[in-house]
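Structures incoming, each one as structure tokens.
Here chain A shows up in two complexes: once beside chain B, once beside chain C.
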Partner chain A sequence: MNRYLPLSILALGILAFATLMLVIAPGIQMSQRSVPPELQPYTEAEQRGRDQYVSLGCVYCHSQQPRSPDQAPDGDRGWGRPSVSSDYVFDSPHQLGTMRTGPDLLNIGARLPSAAWQLTHLYQPRAIFDWSIMPGYPFLFEVKSAAAPGDTVVAVPADFAPPGGVVVARPEALDLVAYLLSLDRTYPAPIDGLRDDGYAARGEAP
Partner chain B sequence: MFRKTTGTPRPEIQRPDENFEPYEEHSGIPMPVLWIAIALGLWGGLVLLDTREATSVAQEERVDQVVDEQVTAHDDGRAVFAAKCATCHQPDGLGVRGAVPPLVGSAFVAHGPQIVAQILLRGIDGPIAVAGQTYDGHMPSFASALSDMEIAQVASFVTRKWGGAEGALPEAEVTPLREAAAGRQSWQGGAELATIIAGLPAQPAAGSRTVGQVPQAVSELVFAGRGEVWACASCHGDLGQGAETTPRLAGLPAAYIVKQLQDFRQGHRISESMAIVAAGLAPEEMAGLGAYYAALRVPSTATATLGADLARGEALALQGDWSLKVPACFSCHGPSGFGLAPVFPALAAQHAAYTASQLNAWAGGQRKNATLDLMTHISTALSPQDRRAVADYMALLPPVPARTDPQAARNMEQDNGTQP
Partner chain C sequence: MPVTLGLLLTLSFVVSLLALSFLIWAIANRQITMDRDAATTIFEPGEEGHVDNDGTEAGGDHRHLFDPGRTGIDAVSAGPVLWLLGAAIFWLLLGSAFGVIASLKLHLPDWLNGHAELTFGRMRTLHLNMVSYGWVSQAGLACVFWIIPRIFHTKLRKPKLTYIGLVLWNVALAGGALAIATGWTDGEEWLEIPWQFDIGLAIAGVFFAAPLVLTTRAREVHHIYVSGWYFLAALLWFPVIFIVANLPYVHSGVEEATVNWWFAHNVLGLWITPLAVGTAYYFIPKIIGRPIYSYSVSLLGFWGLALFYSQVGIHHLIGGPVPTWVATLSIVHSVMMFIPVIAVAVNHHITVARNLWALKESVPLRFVWFGALMYTAASFQGSTEALRSVNSVTHFTHYTVGHAHLGVYAFASVVFFGAAYHLLPHATGRAFAWPGLIKAHFWSVVIGFAIYFFALSIGGVLQGLAMLDATRPFADSVTLMKPYLELRTVGGSLMTLGHILFAVNFVSILLPRRADAGKRVTAA
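Let's turn to the complex of A and B:
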């Protein structure tokens, strides 16, 4: 091993090139894009819900990136228009995800805007979809004998309701639902929106 | 097999000690490796250039498309008229006797493009006398369906062609008209229009619009839910607007809504969430909900989101495609997709994602609850692109004009403080 210097220079060069092409150049490209006027920063409750989303590992089964029609039939599935980079300006860390064990969630707040539905579904997904493989999150809820004033009571079908009591959402559940409902990117894509244009860009039919 | 050892001893092998480091002399990179590296580099560079070009082409296409939609799509309003107005007022502007007033010889049209634009922006909901005949005025508001430019063009076109009035309405003059019309109900027939137009022939009085309140039980179901049943409004929106795959309910025929609820309950139509809701509803509650949503008149919130070919969607809606044995959508779903109670639902202003998902469901066999099995054949004959195209086109149409009880919608708007 007598050629340390050229080896180190080469290794550093490759690393610098990769950083330039994969981090710096896209960063510059994205930072030139404007924030869509319809997109609001997360509120405090939504941000707490976002932390719940991260800590519960929702990203392992759910993506947040509807694709263009030439890549996947996401539009037909009702998951919304293809997302662009500026849809994520307030997301840090982003929760793009790659696994689609469950549906894409970027526009869940638009297509299932019911907080009551979301609470039931988080408490026990199989109360709504008997085929669902999503875990329930009962620890975000508590069972009380009677609801106190100000409590959010969760509608649970009789087969899944706990005996002798009502299910009440904890603040964690309400925060998570607030975050899910804030996932709404159904405004028109900004004209300068940056996304993967795939192969359809060259005039081929999508 | 052993070799015979000779007497001469082998020379001692010099082994390096453990601190020895191999030392490499300088030697050039072999030429083939160099060529491969250069070729890879060139290839990478070309790919980068190529995708850069693709991106900029797509970017320009997108900008062009937006500009097209907003500005230059329709030269003089003729195309807009053919696409949006001719299904009711007929291409020759003669209307339909007894149902749709003529534009030819109409005193309203003769008063110039400003009046036509104001009618387009608010729609009409009340009796109106045109050319000596009284019509049951139900014209949708085109405020959500047409841009300022398109309204200016089609208003100018209509007055130039049938009103005998010269002069065009500039786009800039539509903007204040739109602001003035925002949030207001449609014109209450000729009587209210007469307040802004002098010298009209006598207009019939608009009927009282203080028709019944929403029953308490229905209102509770819609806004509060009950026990295991979520509130309708929590998914479908306060005024039944819907979004994405949650359908717009405002203006759907009451009997159609009731039939769908029954089908959800009996499992003829599959939707897990709606099955739970429908199971918790009594028949008279279903009827009440149907009547409530059928009477709602709400501006459209739908847009074309599927990026499909709108010209193709328009052709399918207006003419169908007989090479695929697909009839025009409007031939069953009513002129301009307003629906035909009780069997054919309104398609106008329905969300593109919902329409496309239902077409896919008919084609894939997940939905098969029709009394006449028309949609299975039609959806199967359409390609996925066609389904997206027609869904996008329907989303851009003006919403269904309500037939009864506009007061209910107004009460709701006031109750909830929502501005349409």
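Let's turn to the complex of A and C:
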């Protein structure tokens, strides 16, 4: 190969072809699917909480894409039905994730709907699960000598409670919990929802 | 619709296969002349057949350099190359520190958690961005700036533009890192740096590319040596994928996830891999003093990489909410990667295997050789990982992290270590003060990496199997990982120690020493 121009054109042509196949074609296909009527846009508080989730990098330990029973027992673990493309229409940036250092969270709001539980867990995960390696997020909380009216007091077991005070959730913690509780895709999957059915298709016509 | 898309899938595969067959036909029928003469463009007359020893070994008496015709060429590139390497090493040290902190946090979750800036989610992200855009990209560029003028037998054009690019790139990266630390992020893996800073990185890229393209156009040899294909293509590919993936407000939902993985995998396949493979393609024959084993096979490696590696990204979304056909497409292309990888492996490994004696002569060659071996290993592992059956076990586990480090670290970074050790004496005209420290660097990163890799691979498989077993609680997958995560910290710390030695060696060769006067490595 001796010429620069043909090399460049061919190299860019191949990339354009790959982009067509991986990005444009599936993008068009996915954008034609209906939005499930039960799926609502995030409220302001939920969106603020989602921004916290993104900014703290929760995605690096938690996926949001339960797999199908053909592939993995995600449903048996209570993580929900296999997700489809239209479950994410209001998500930007997407938080599908590639790690399960912790469990999948797409349906955490349906699985653990208690705000009090979520707050305690965010303050100190090991107060609930001694085996957990999730970091605590004490900076989302405030330690006060006594709770003021309107404060959300967090229940913390004595072993983990700060001496001489109560733990009160800051607005950031309440927003984050609002987002977590909004994670609920337990409505029936839309029939035209797209997902990788490569496992289901094994040995039978899809 | 499924029929149409099935057809598309077949079409893509057939197109790639036809292109490859055409290429093989063209080589077989000598439509493309790829002979030994082309492979030897990297040598000066009289240089072939002599090992290019670089003064890293003690007893510098048999140290000799063959660069009579090149002193003028290297003198122009030396400045940009040294500055790029210096900046790269800075980010390597900083990025490694964040890597070790992030690793520690996985088994000491209550350590350093008082501030949002110090949480795992940010430390890990700083590590990734610093080492990928600060270290690997700039170290790779340093090699490109060194090699392109040499294979084209002409000095670097417009070297001053490089410095503008360098300042802009590092300022934008520092801004991006600060943004991530304070929680301002675009929120996708490999694309965390806010797009506002990405504009700076993109403009810096133009200042890097312009001198290299101008040098290419002014080349004094007809033939573009194989390293040149990889570098020139990468210089075109990276800006395209970087800009498209960072366009704000265009992508959302699962479509954004496909763009994310199209980008994140192409950073590896169309940027880091070509930089490191091209570097190995230059330094292996250059140091040994013999041309590459089969030059025409190198064409297969290059175009195969372009055709197949560009389409593997969606294998990160196997079993996810993406159309079945696109996941399958990526799996097929991942497996097809065996073709270009074997082609490169044949060239690199047979060239070294026929000249094993050279490993004794040159410590830098040991780095480049080890890195090239790890390219084969990482690619074989990656192709296997894309199979649905394997992916179900390994995806979402620490196994993937081990694999990513096999590619970006044991392959690309180690090749760049070797390249740096080889070119530094040429670029500075000096010898390393403590050649023993280079070997210490080698063993510290090789042993450190081995501990790191096997811990995460074994632990990751056990973690994946635990998650797939519905009778075991999720907690099992967390608790069984703990010893392996601790080993990962041990391995990572050893690797970091190696990086400190690397920085010491780099600084030592830059500092003028009185004893140098007698030992100075001169051209010819």
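Observations on the model:
We adopt the following convention: the second predicted complex is superposed on the first by the 199 of 206 C-alpha atoms of A that agree within 3 Å, B and C clash if a C-alpha of one lies under 4 Å from a C-alpha of the other, contacts with A are read in each partner's own complex, and residues count from 1 in each chain.
Convention: contacts are C-beta pairs under 8 Å (C-beta built on N, C-alpha and C of every residue); 3 or more make two chains touch, one makes a residue touch a chain.
None of these values were measured; they are calculated from a predicted model.
On the shared subunit chain A, the superposed partners chain B and chain C overlap sterically.
Of the two partner chains placed by the overlay, only chain B lies in contact with A:R111; chain C stays clear of it. In the superposition on chain A, contact is made by A:S55 with chain C only, not with chain B. Look at A:F129: by the touch rule set out above, it reaches both chain B and chain C. When both complexes are overlaid on chain A, the residue A:V156 reaches chain B alone and has no touch with chain C.
Touch criterion met: A:T120 reaches chain B, while chain C stays clear of it. With both structures placed on the common chain, the touch criterion links A:R170 to neither chain B nor chain C. Using the contact criterion defined above for the overlaid structures, shared-chain residue A:K144 touches neither chain B nor chain C, since it reaches no partner.
Contact with both chain B and chain C is seen for A:D76 once the two complexes are overlaid on the shared chain. For chain A, the partner touching the most residues, choosing from chain B and chain C, is C.
By the touch criterion stated above, A:N2 is placed in contact with chain B and with chain C alike.
Clashing C-alpha atoms with chain B appear in a single stretch of chain C, chosen from 21-29, 57-65 or 93-101: 21-29.
On chain A, the surface patch touched by chain B in one complex and by chain C in the other comprises residues 1-3, 68, 73, 76-77, 82, 129, 197, 199, 201, 206. Interface residues of chain A facing chain C in the complex, by the touch rule stated above, are 1-4, 7-8, 10-12, 14-15, 17-19, 21-23, 25-27, 29-31, 54-61, 63, 65, 67-68, 71-73, 76-77, 82-85, 87-103, 125-126, 129, 131-139, 193-199, 201, 206.
The touching residues of chain A, counted against chain B in their complex, run 1-3, 68-69, 73, 75-78, 80-82, 107, 110-117, 120, 128-130, 155-158, 186, 188, 191-192, 197, 199-203, 205-206. Across the interface of their complex, chain A is touched by residues 1-2, 5, 8, 12, 15, 32, 105-107, 109-110, 113-116, 119-122, 124-125, 183-189, 213, 216-217, 222-224, 229, 232-233, 236-237, 240-241, 244, 251-260, 262, 266, 270, 299, 306-307, 310-311, 313-314, 316-324, 326-330, 388, 392, 395-398, 400-401, 467-470, 474-475, 477-479, 481-482, 485 of chain C. Note for the complex: chain B touches chain A at residues 21-24, 54-55, 57-59, 61-63, 66, 225, 227-231, 234-235, 237, 243-246, 272-273, 276, 303, 305-308, 353-354, 356-357, 360, 384-385, 387-388.
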